[in-house]
Structure formats: C-alpha cells, structure tokens
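Please find the structures below.
Common to both upcoming complexes is chain A, partnered first by chain B, then by chain C.
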Partner chain A sequence: MTYIAKPKFHHPGLKKNELGYTHRDYEGKISTLCAGCGHDSITASIIEACYELSIEPHRVAKISGIGCSSKTPDYFLGNSHGFNSVHGRMPSVLTGANLANRDLIYLGVSGDGDSASIGFGQFAHSIRRGVNMTYIVENNGVYGLTKGQFSATADRGSKSKKGVTNTDNAIDLVAIALQLGATFVARSFSGDKGQLVPLIAAAIGHKGASFIDVISPCIAFNNHAGSTKSFDYVREHNDAVNRLDVLVGRDPIAVDYAPGTVQVVEQHDGSKIALRKIDADYDPHDRLGAQTFLARHAAKGQIVTGLLYVDPDAEDLHEHLNTVETPLNTLEADTLCPGSAVLDKINASLR
Partner chain B sequence: MKPTDIAAPDYFHKVVDCQWACPAHTPVPEYIRLIAQGRYSDAYMINWQSNVFPGILGRTCDRPCEPACRRGRVEENPVAICRLKRVAADFKDDIRQRLPRPSPKNGKRVALVGGGPASLTVARDLAPLGYHCTVFDADPEAGGMMRSQIPKFRLPNSVIDEETGYILGLGVDFKGGHRIESMKSLLAEKYDAIFVGSGAPRGRELDIPGRKEAAANIHIGIEWLANVSFGHVDKIGKRVIVLGGGNTAMDCCRTARRLGGETVKVVVRSGFEEMKASPWEKEDALHEDIPILNYMMPVAFKHVAGKLIGVTFQKVKAEYDAKGRRNLVPSGEPDETIVCDDVLVAVGQENAFPWIEQDCGIEFDKWHMPKVDPKTFASTNPKVFFGGDAAFGPKNIIWAVAHGHDAALSIHKMLSGEDITERPLPEVQISSQKMGIHEWSYDNDISNDKRFKVPHRDKVIALKDIRAEVELGYDVKLALGEAERCLNCDVQTVFSTSLCIECDACADICPMDCITFTDNGEESDLRQRLKAPSPHRDQDLYVSSDLKTGRVMVKDEDVCLHCGLCAERCPTGAWDMQKYFIDMTHAGSTCPTKSRSAA
Partner chain C sequence: MSDKKPISSVNDFVVRFANVNGSGSASANEMFARAILRHGVPVSPRNIFPSNIQGLPTWYEVRVTEAGHLGARGGVDMMVAMNPQTWDKDVAGIEPGGYLFYDSTKPMPSTKFRDDITVIGVPLTAITNSTYTDPRQRQLFKNIIYLGSLSALLDMDPKLIEQLIGEQYKGKEKLLSSNVHALHLGRDWALQNLKCPIGLRVKKSDKVGDRIFIEGNSAAALGAVYGGATVCAWYPITPSSSVAEAFTAHCKKYRHDPETGKAKYAIVQGEDELASIGIVIGASWNGARAFTATSGPGISLMTEFIGLSYFAEIPAVIMNIQRAGPSTGMPTRTQQCDIIACAYASHGDTKHVLLFPEDPAEAFEFAAAAFDLAERLQTTIFLMLDLDIGMNHRLCRPLKWDDARQYDRGKIMTAEMLEEGRDFGRYLDVDGDGIPYRTYPGTHPTKGSYFTRGTSRDRYARYSEEGTVYADNMQRLVRKFETAQDLVPRPLQANAERPTKYGVIYFGSTSPAMDEAIGLLEARGHQLDRLRIRAFPFHSSVASFLAEHDFVYVVEQNRDSQLRQLIVNENGIDPVRLVPIVHYDGSPITARYIAKAIGDHQDQLKVTPLRKAVS
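Coming up: the complex of A and B.
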C-alpha cells in the first residue's frame, strides 16, 4: 500500500461540473488495496459518474459490508455519508436507511463473498423488495483477504492460483437479480471505464433496485492463466450487447450513430440514456429474453456485458408501501405518532 | 504518434525543465536534494562543475530556470532555485580539497582577454588539462563586470574573491591592470589560442538636447557603477533620475539611494510590465521607496548656467501594429519636467572592439559584431574565440559561463588536432530509485508549502551602508522547506510496455491526470483525447508502443509531479521511477567529482 497521501495539487485545467467541483473533489482517502486492484478502477468510475452527474456529496449514502470491495467506500466520496456494516448485511442496513430517509442517493457496495455467500439472502430480499438503490458488486471470484480461496461466483472448472480446479457451480448474480425482479440490471468490467461509468450514472438515475455486477480482477490471487476473472480472460470473452451514454439535463440528444442503432431510454429523474446497440437483436426491455440470452452465452463461456435489462417505469419500495413523500426522519413527533384518538379510530374501523 | 525514444538524451533532459532552461544545464533537482539532506558541499560542487560561480550566481543570476520550473505550472510560484544555490555556497565546508590540482603544463598557451565570467570559465576548464592560461584585465582584480557593475549590497567582494580565487588557484596566470590595446600585437605573441571575453563595456549614450551642457551631472550608468565599486564616487545629489528599465537601472537607483539620493525616481519609456529588469529587481527597488514612472520618453535635459536642473519627458502610449509589434507614440498629454540634481543613464550597453585591427583575420558583421559560430564560438580567425557579452551582445553571467564551457571545449579539441565542429553527446546515467515495495530513494511526498521569502536586512540599516548585503539568504530551516518544494523532475517516470497489463491503476491514482490509455493517433488528435487538457504544446507526450489491447499509453509530461504514485500503484512494475543525471560535455575531465553522483 501507498504510505503518502495523494498530493492535493490537481491539473490546473481540470473541468468543473455544475456545482463547481472537479472530479478530484469526489475522492476519498488513498486506497490501501493491492496495487492494480480492479476495485480501484471501480472506485475511479464511481467518482467519475458522481462528478458527471454533479451530485452533491452530502446527498449520497454509501453503505458496504466486509471484504476488499467493502473497504472501497473509504476511497471515494470522502464528504458523503457512510456505513461499513457487518459481513453480508449491507442490504438490510441500506433498506433501513432508505426507509428512514428516502431523499438520499443510496450506493450499496459489496463483493462476491459479501453478496453471494454470507449475504446471499440479504441481497435477494433487497432486490425483490425494489429498494431504490444502486447495488454494485465488485466481483473477483476469489477471497482475496484470506489469500485466494474460490468464492461462490468462481466458475466451475476455473483454476485457483495454486492450480486447484473449482468443482462447485457458480452463482451468477446477474441471472439471480433478473429473476428476482431487479428493474435495472447490468454487468461490466473494471478494465472498461468507457462502459462502466455511464452504467453507474444510469443506475444512480434509475428509481428502483439497480444492480451492477462488475468483474474486477484480483491482481494478487485471481489474475493467472486458468482464471475466468483475469484481465486477459475477460478481455477475450467480453461480449458487450450495448454501450451507452447518459445524457443529463435538457440538452438535445445529438448522437450521430447510424439510424436504428440508438435507443433512447428516458428515466424517471428526467435523464436520458442513449443506448448504442452492438448486438442488433438484443432488447434490454425483455426480461425473459435477457435471461435466456445470458444462459445461452454463459454456456459458451462468454461474459455478457452492458445494460441487460431496464424498466424505466419501475416502482420502488416506498411506492409499494405507500409511504409519505416526506422522509420519515424529518417528520415531527405529532405526525409520526398522531395520538390515542387516531388509534381508537383505526381500531374501531377493524372491528 | 511513434513510440517515444527515451534513449535520446534530450527527451528526459527536457522533462527537467529547469536544467533544460539553464544555459549551463545545471542539474538543479540533484543539488536541491543534496541541500535537503544537508550535504551543502556536495550541492556546491555539482554547481561548481556546471556553472562555476555558485555563490555569485546564487545572488545575481537572471534565473532562466525559474520561469521554466514545473512547480510554477502547478501552483503560483516556482521553486526559489537561485537562492537555494546560494544556500549551498553559504553553508558548505571548505571545498578546496575537492578542486582540481594544478597539473603539469602541456606546453600550450592560451590568452584570455577580459577577466569576467566567460574568460574565467574557459580558464577553469582548460587549466586543469595543462594549458597555460593567461587572463588579461584592465582592472586590478579578476571578476570583470561581476566586480565592477554589480553593487556590493547585492554581491559582496568576499564572494567574488573566493570564487575567482578557486579558478586562479588552478595555476591560471592573471595579469591585472593590463588592458589589451591591440589584437595584432597579441597575435604576434604566438599564443596557441586566444579567447575574447571582454564583455560589452560601453554604456549607450542618450543624445538629446542639453546632454553636453549639463554633462557634469549626467552619468553613464555602468561607468558610474564601476566608479562607485572602486571607491572613486561616494556621493550623489539628493534628487536623482535614473533613465532606463533594465537591471543596470535597478542597480543604479538602489546605489543612488545609498549615496545620498533621497528622491530617486526611475523613468522608463515602456510600460512597467515590459521593462527588461527582472521582476524581483523591480520589487527590490520599489521596496526601497523608488517609484518607477512609465511611458515617459526623455526629450531634453534642462539646465541653467551649465547646471542640470531637470529632465523633460514626453508622455507616450503603446500602440500595436497588425503584426503585433509595439510602437510608442505620443499620447498627446503635455510634456512633464521632473526636477533633479543628477541623472544616471542606463539605457543599454554596447560592444566595442576598437582594439581589434581590421587585418587580424577577424571578420565583423554590419552591426560591428564579430562573426562568431554559435556552437563552437570560433571567429573567422581559427585561433581566436569569443564568448560572453563579447560574442553576441549583453546577456547574463550564466550565458557567459555556458559560452565559456563551449569555447573551452573547442579550444581543447582544436589544440588536440580534432574537428571542433564535432560536439560529443553528454554523458547520461539513469537508474531506478526503488528501495522497497513503496519506498524510493527520494522524498516523493509532495510539499504543499508556498514559496518561502528570503529574509532581508532591515531597510533603515541597509540604506545606510552601501556594502551591507540586503538579502540575508535562507537559514537552514527555510532552505529545507524551500528544497522540499522541488518536484524532483529528474526522477523520471519510465514505462515498460511489455510489463503493462492495462489495469488502469496508474491512470486512476495520478493526481494530475497525466496518464491516458487510448487509441493512437496524430499528436494534435491525441492531445484532444487526453484525460486532462493539454495546453502546453512545448511539453512532450510520452507515448508507448502498442499494448495488448491495441491502445497506447500516453503521458503528458506537462504537470507531472514525479510523486511516483503511478509506480507505487503499478502491480507489475511497468512504471519505474528512475533518476536521470546528465553531465554536459566539458573540455576534458575537468573535475574529480565527475563520476560522483549523489544517490
């Protein structure tokens, strides 16, 4: 790890966003992860996405569990709210926070161990409830902190650094998220910021459960021949169905792609996503089609990336529960607890 | 773009902006690191080898290095390189043991005309090789304009004595009080080579009405300064006008303040900003309560009964023609007369070679300057070389030193029977600075300190004593703070394409957004696609060969802090921090510290 603090100086010509911040203003502390860790690139992508969206840092809550991935919220958005929870319990803490204050932007950061093993149930329930959040799994297929055992997302047949072959079946979190009703599902690769940054930006703009599985090579324990989560393997087997640009604000869309190749998706918050199709037959509004497409390509050993499914008219947990527009944590006591007369009325109505 | 050839000595040399900008190519970051380590003598010797007069230049240099300093592109002010040089001189131990020994004479005789920085540099380079060097100067002591024109409150005699003494101590023959009156008779003395370093000794005249009539109180700046220097002049009138906007004018006005001038004014034709004087010299003058009045053209000296009473000025303004050239035209305001007792004219210097006869084989151009080869410094007489102000007109001490080195190399090659137009490449060393996993042999933690001010002597005391040095120099603590501001630009970021796995770690960590992985293209196109704007075209792009994905690594050298974080965050060692030390070619092996390169 690096012992010095990242110098405060920045490029004198750095652009500023609408709030007058440079992307450096969205940084956190210097990373203590291994040099070259894919997670650091995801950190950089989150910084870039928040900068581009001109998000006010104090409007973000970043919540994580345990693991290399769950350390990363310390490295971005140094002026945001944060909660480093118990192993696998990020989704519950995030759900609770979201219920208490629906006005914040929720960023759940987790890893393959945190979400596919100890927190598998938590992951599943937060998705099926439609919590309004951006759930990012930094997926390296390995337990890096305990020196390289296979995790639950390691592909069957892939080899560990020591040469042992994995005999267990892999959990594909994207497939599960689709099955559980996530309304924004994407997969990307830490080594491809061009794809990842707009995906994160679009996910933040999405109202509902957004899930992004980011394959993130573990330099120390999972970047060798025989691994299916190495830089080389992912680059060779990456099958992107689309690439996208997120368009914020009222600027007219001026994208000069061939007609029929661009699909514009308008999001709930007014932002627009311009999807550039790579696979002409792929329809990101077809949940069932996405599931079979994924299964078919996974069988061929291909890693499907891009925006796989989006429902622009999704509802979230608050709508399901019919909660008030005002965040619960700002309601006055007399509103939260209207008194015995109201209780009597309710009781009477149930008799 | 083609992959950058980092084996070409100039590529990394250019990255060390200060060293590249220095005419003598002093290895600046190297000596600043030594100062930070308290190794003042080592720092001094690095300077001594390349610029010969560290103590003098540390007080008087025109500092071409500082506007070039990368720190100035990152924050407001560059590193105080010049004053750190003085620190090395101030705090060093006795370094005489480290100087070259006078060597047995090789039988070749070289005459040097003028005892200033150019000639002394030639002598410093040639004497240790066995040449018999004879320096002639009209003044009794060595130093030339450094001694005669720079006021003592900026440069004490003790410093000049010490540093000229090191050179004369190499067995150089100094003939003081001996003005060379005829090139022809000098040639007749059959020297093997002659070097002319006689400077630009004539102050330019200001021929306007009243000049002759009021001559008693109108003085030519450099002559007056020399007279003050040698004690022939010790007072001036209470009201003084200094005409001219160069560094000589600044020296004149500040000297006048110390010799009884109570109301001293500098009047310049141009605007304040365009004045030739260095900004810090203007600042020092203003600090001593000397106003600088601009856009005023002197048109007449006013006099009554042979006595100067004032100067009349026409008000002018700047107008720019289609080509952007500035013209000063009358502004239409009424003329102004400023009363005064004395005027100092410091409107420029000129070369003068009345002592070089026309049939010496030395050709002159239409501006009456000798035809001198800008690389070899040879004149049209193969035995006669020129350098310093005598070669290309008035410049600064550091240029004279650079000329001296090159001329000495030419003389050495000529007298060794070699072709003087063949200039050997400099010697270059480059070595990794890695000491541990994230440990470097240099301090890569970037200091956020602003430039430290050099302490000055109290103004009341300074103005009373013309020999009291105004600047007191950094103390050890301030010097350390200032040294820490240096970005170590000589510790280069070296990239190995074959090791890179394109994980983006370097691009992510770089605090200055210098690094981009992208598709290759023409330079103008590539510069548009970098992570951060690339406004300085003179700063190179470091481009790798093709990486596995077909992209290239492009690094804009412009504002790299050399913090080494790219190398720290690189998992494969594709980035390394390597110290680049360039040793300019001098005549022979003139210095025993040649191979000494501090770690």
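Coming up: the complex of A and C.
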C-alpha cells in the first residue's frame, strides 16, 4: 500500500492537544516497511507520545543511522528535520547537533545492527557523555535489509530463519547502558503500546541520556520458532517490572492506585511519572540492583521490561561543558570574535 | 687541531641541539631561538622528535638567518651534542670547519672527534653536580647552563636572555633567580676557560621588525576562534593534537561570558575520528560552525562522513596537519602527502575544497575563511597544514582582523522567508551557482523541514532512485565546485626579472625554501616564474600559467607528486610539461635541494632544448 499517497484530510472532530495539534500533525510519510513490522508500532508510539506531551513537532530533531529502523524517522513528525546519517554513527551526529542547539528535543532512532555492531562504540560513548537525548533502539536481533543475518543482540542458541544456530554471545544494550551511566534506562516491546508510549514520553521529559531498548520483531526474517525476538517468544517471556503513567504539567496524581503500589518520580521538566509497581521489590533508583536483577532474569530466559532505572536529577553534557544557555548556532561575530584589539595584544605577546 | 679553517659567519648559521627526549631540553632550546630573535635577527627553528615520550633521540635545529630565509637549510655549523646515543651520527653531520659543543666531564677518546671541526668541551655535568643535588634540578639546569655557555661562545647579549627568563617565570621569583644563576654559571665558565667568541656570532640587527613567532597549529586554532567556530570535536593524533589544545586554551581566555562565566563553545574529545567528524557534521547541520583537527590516519577514518558532507551538503571544516604516510608512516615527520586523499576523499564521485596556507599567518587567515567557505558552499573544507608549519615556531607577519567583518553564513532560508512563500527546495539551484538554500532544524512549524540523507533524492529532498534525478543532482554539485573556484584564495604569481618559458608551481610549507631557491637558481643563470597555489579547485590562472610556460616544475613534499597529478587531472594537460620535483624523506624540503633538482634539469634542457627538437 506504500505507493498510495497519504491523504491530507482528516476527520473534523479529531481531538486536539494543548497546542491545538491533532494526531495527524505528528505523522510523517507512509511507512515503506513490511506490513506488520514491529518498527511501525514504535513509530505509532512516538507519534502518540509527542502528541500527548504537546510538543511542537518542528522543535524535535530526529536522527538515525542506517537500516530499517533508521528509515522510520521519515514516517513520523513530518514537520521535523530528520537526518538519516551514516551506519552506526547516529550518536555522534546527534551529539554534535545537540551541542549546536540545546533548545531542541533530540530523538535518536537506531537498530541493533546500528547500535550493537558497527556503532557499538558510538552508542557507548554518547551514553557515557550524558547527551540529552532519547535514544531508541528498535531491536529485532537481525539484519533485515540485507535479508536475515544475525545481529549482535541475537541470543546465543537462537535460530535464524534458515535454521542456523547462533553461537555468539548476545550484547544486552540495556545492561551496557546501565553500566555506562545512562540516567534513564528502559526496555519495552513494540507489541505493548500501553507500556511503550509512556516510556517514550517519560524519556523525552528526562534531561540526560535516556535509553530505550524496544524489542521489535522482524516479521520477515525473525518471527519464526527458534527465534528469541519473535512476537510469540517475547509475549511469553516478557517480565514487566512496572507500568508507567506520565502526567504532564503539575496535575495532581490520580487517586485510583492502591496505596503503596505507586511511586511518583518528578522530572526536570516538571512532568511526573507515576510508576505502578508490578514487581514489588523492584527499585528503579538502584542502578546496581537493576544490573543484578537484569542478569538474574536474563539467565532464566526472561525479558525484563519497564522503567529499569531513572535518576531524575541527572546532568547532561551541556552542564558538564558549562555552555551558555543561548544555542551556540545563534551566536554571531559580535559575541564570538575577540576582535582586532585583542589580536594586537596576542601579536605583542608573540614577539 | 683542525686542518680546515673554522667557519666564520655572523647572523647566518645553523645550530643543532641533539638531546634525549623527556630531558627538559626543549624549553632551553626554544629560549635560545627566542634570544636570537630579541637580537633583531630572524631565526627558523625546527623540532625533530620521535614518536615517544622519554628516552629517544630528539633534535632542535635553529637556523640563524639575517637574510630571513625561513626554510630548512640543510647542514649543521654547530652541533650541541648532548646525546651519546646519536653522537657518531651527530659529529659526522657537522659541516667541515664547523663546531662541536659537548659535555667534557668524562674524557672522550680522540677517535670520537674529527680533525676538520672545532671541538668545544664544557664540563656541564661537573658544573651541574657541584651546584645542585636534586636529580631533577641537575637535569633541567644543565640545559640552562649550556645555554649560558653558548651565549658567551656566540657573543650573545646575556641581558636579552635574562629578560626572556624574567618573562617566562614572571611571579615565580625563586625559579627566575635560579635560572638566571644557572645561565651565568655556564656563561662564566666559558668566558674564563674558552676563547670567546668563536667564528659564529650573533650581532644585533633590525631584521625581525613587527613579525611574530608562532606555531601554525596555534595560529590555525586562533583562526577558528576568530572565524566563529563554536564546536570542536577531535581525537588525539600527532601532529594535530596541539590545534585542539590551542583552541581550548584560546577559548578559555576569549570565549567565556564575562557575567555568567559560561562557555560560548563546546569541545569534545571524541572516542575516535569517526565520532569527531560525526559531531562536526551534526553540529554544522544544526547551524553551528564546527571543526575537527586530525592527520592522515584520521582522514582515512573520516572518509565515509566526508562523502556524506559532500553529497548531503553539510558544512564541515577539517584541519589536516599532514605527516608522513602511508599507514602509521612516520608520525613525527613532515610531508604534503594527503593531497589526493583529501581532494577526492570518499567513495563515489567526490571533490573537496583544499586550502594550502604557507605559514602561521595564512593558517590563521585560511582557518577563519574556511568557516565562511564551508557555510557558503555547504561542504567540507580542508585546511591543509603539515607538521613543519603546524608544530614549529615560525616567524611571520602579525595576525590581522577587520572588526567590520561579519561571518558569511551562506544561503539560509529563514522563517520569515518561508512565511513570505519562498519556494524551498533543499537541493534546488535557484541562483545558478549550484548552491541551494538550507534551513536550520526547528525553523518553522509547518514549512522548511526536510529529511537529510546520504541517499539520492530530488531537488525537494524527496527520496528518489531515478537516474535523471540523480544525474541532475551530481551535475549541480559540479556547478557548485566551479563556483568554489572563485571563492577560494587565488594563486599568487611572481615573475622572474626577464621573461622566461620556465615556471614553477609550489604550495604550503615549501614556500620559504622555494623563495630562497629562486635566488640560488638565478645565481646559476636560471630564470623562473613562480606560482604559489593556495587552494583547490584551481583558479583559472593556474591553466593560464601552464599555457604561458613550456615547462613547469611542480615542487612538493611527497613521493608521487600528488599536486602535479591533480593539476594534470583537473586541467587535462600533457603531463610531460609538468616536471615533478619531489622531496619525501620526512625532513622539510630545503632551498639547496630544490635549486639542485631544478638547476640540474634546466642544465639538461639547455643542452637539448626539447621544444626545438620536436618542432
């Protein structure tokens, strides 16, 4: 159906958000991915989250690498600038963009090949630096565009569509992100929009490096028996530790939660996250605990999802660098150039 | 003892210091060079150092040149031999009639010397050990002590050296006085025990003028500050690291908001060169002026991104401080060996703008200009320095800045222009110069956004695999490159006194050696017109110069005469008429080398004038 142009009209009664935008204002071009692709559900979740947060669509910069996942920024936020950069290099391009203008919202979209293989280093270092971004990996464990090779997140012992068994150990990006100091770490499943949308919204509200690993089955090459990234497998092994509600503004927390089951996290932008605990013992403020919890459950073949770690008082790269509040890309010669009088003094000191 | 008359020369000689790296000799040696400058006598110093931190041989060469020849000369008139490891080679390298200065604390067998040189022994270790007990002090002050002895031998004014020490240790009185003390220890010993001065002498002059003494890397970094760079991403690599370090130092001084103390810049040390150029491209895409500094291996790593910059039309400034390649090559030796690698960097059909500064003053100017060019042309601009300019102090004209100058931010479509209903096609050539308009991310709620990609797309940035659409875009990029010809610094031509059919083309750090070689060639009876190329794409005057001369020598510091290849390729001319003169052993090219190579070739031409033979 991808050859059919997307109609521009919409139902006159379509709901509007605080800024007066409808859902349609957050959409992009029609997806060219396979029908049923998990990535399209993530695209829909991003649209939903941005609509709910009443973000001005053009104030988002969406940056990606190369691969199926990296194509998706064309399919949401059509009024935003997008940058489909180089394979595995989204993190550096995003870092540079963020340094140039700290006022935009940065959404990095990547895949498991992009972030766990060719761009593993860039993934790691952007997290280390605390770039203020929402980094989403659409993780299907397989190279789709090149027709079904294993990626570095494919579990050891899982089978490819052609029946080959993977003998390499898998990279767990969530575990790495935690270890490297990401200040917002989550995992979700493209088939669970109810969990994913608030996670994306909360990640956008977080100031610092937010990382979300979204298991997103590849309908064409990794949805068979023997795969550990198929819809069926993920549904069976999904072990959610919590569910989120993101409350924009300073609205009071809704009262329909049972006492003791909700933890409220206030974010830097004033929004609040209400975390409904599923696993009563799970503490999303305990980095070390999260790492152990993940490792223990991974050993049992379980996929832990939810908001795994958050530090609401995180600092970002701009704070580390002590940069001015004004975006660097708006500064001109009058504030950047020291001028000829200073140069004369420099000359004098060099004689 | 010598059977050759000692060299006698005032303000025109070469002193070479042979040291062990990590011994603290560098600052004493640099002070020696500066002290001569304070006498009003130009010097041209060069560091010859290993890729190592401590223990390997290092040399510092100072050419004292009242005539102002700033290229390397070749040969050594006085060797300050402080490194036993290289003794034999160092002694062998002295010109007949030259001087050997050494530490005579331990007696040396006579076989270790030469008969045709003057040997000057100063018991440096003995003097040092009798004065200082701390081992670190012994090592550091030994350097100042030999500086003191040299000042006596070369007839230098000690007041000028004291002045320099005073400036260096301003506010650190204890260090200041102990350095002055060490200086006089060495000086007094020489005056009392040796015949001072020797045949080599420094005499006060007025040939330095208002020139400044600066390293090319520092000047380029200052050019980036003046040129408005706000984002710098880099990965350490010799000989480029000092660009980023100097940029950091300059920014700390000149780029903090006086009220808030906040930084009007962002510097990131990347995890590698790929990340560095990625950050530069991300920042430039988002409207900041950004640059990276690197050397050959870094360029190799960056090429994929450079292709993206070319094809997706994103500004970037790359300062390439060239060193001897290929591969790791000779990391601490100079060459001009990345001309082809940079001109055609990346897969597919690509061409990039290169700037070739000749010295720190041009490095400053071209660095600042590079940011205007990058934003005007929306592509990568290479500032092609090399180790010789980048890491050595060079005497050059003072840096200048016009306060009325505004940055050329290129063709930016603003929210107002979009509101007016201007047609925005990201890759639409509205002015016929091949340069389209771009919008910064976040410009307008509903207009002007586009999807940047390295894949083929149409004039409105819509993905397309249509052959005609692709070719249309590639042709526009050619037009844009033609536009660049008239925007980049033009070649500078200097004609011989008499009309001649012979010309020479050169660029970058070859400049001072070439200027000096012209004099040597004239003395041999050869007249040559000179063209100094300052940028690629080549201005039309390069083709005219080639047309006006039968033979043109192309002098460069690489094996494969890369600039010559580029000229042949881009101008479609007969390669026979371009004679390669190449120097590529990692040392800076000298006037003597150029004059001999061209002179010998010219002599041959005189015997059989080729033009007559074929006509």
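By definition in this document, the second predicted complex is superposed on the first by the 332 of 351 C-alpha atoms of A that agree within 3 Å, B and C clash if a C-alpha of one lies under 4 Å from a C-alpha of the other, contacts with A are read in each partner's own complex, and residues count from 1 in each chain.
What we mean here is this: a residue touches a chain if its C-beta (ideal position, glycine included) is under 8 Å from a C-beta of that chain, and two chains touch if they have at least 3 such contacts.
Every value quoted in this text rests on a predicted model; they were computed, and no experiment measured them.
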item	value
Clash or fit (per the criteria above) of chain B with chain C on chain A	fit
Partner chain in contact with A:Gly20 - chain B first, chain C second, else both or neither	neither
Which of chain B and chain C A:Gly96 touches, first, second, both or neither	second
From chain A, separation angle of chain B and chain C (C-alpha centres, steps of 10 degrees)	130
First, second, both or neither for A:Lys8, with chain B first and chain C second	first
Touched partner set for A:Pro338, first chain B, second chain C, both or neither	second
Of chain B and chain C, the chain that contacts the larger number of chain A residues	C
Which of chain B and chain C A:Gly163 touches, first, second, both or neither	neither
Touching partner for A:Ala44 - first (chain B), second (chain C), both, neither	first
Overlay on shared chain A, then closest C-alpha pair between chain B and chain C (Å)	20
Contact footprint of chain A on chain B as seen in their complex	73-75, 438, 444-446, 448, 501-505, 507-509, 511-514, 532-533, 535, 548-549, 559, 561, 563, 565, 568-572
Sites on chain A touched by chain B in the complex	1-15, 24, 30-31, 34-38, 40-41, 43-44, 190-191, 193, 217, 219, 223, 231-232, 235
Chain A residues touching chain C - in the complex, by the definition given at the top	56-59, 61, 63, 73-74, 78-86, 89, 91-101, 103-104, 121-122, 124-125, 129, 317-318, 321-325, 328-333, 335-340, 342-344, 346-347, 350-351
Chain A-facing residues of chain C, complex	37, 208, 210-214, 222, 225-226, 228, 230-231, 233, 254-255, 257, 260-268, 270-272, 274-288, 290, 304-305, 308, 398-403, 405-407, 439-446, 449-455, 463
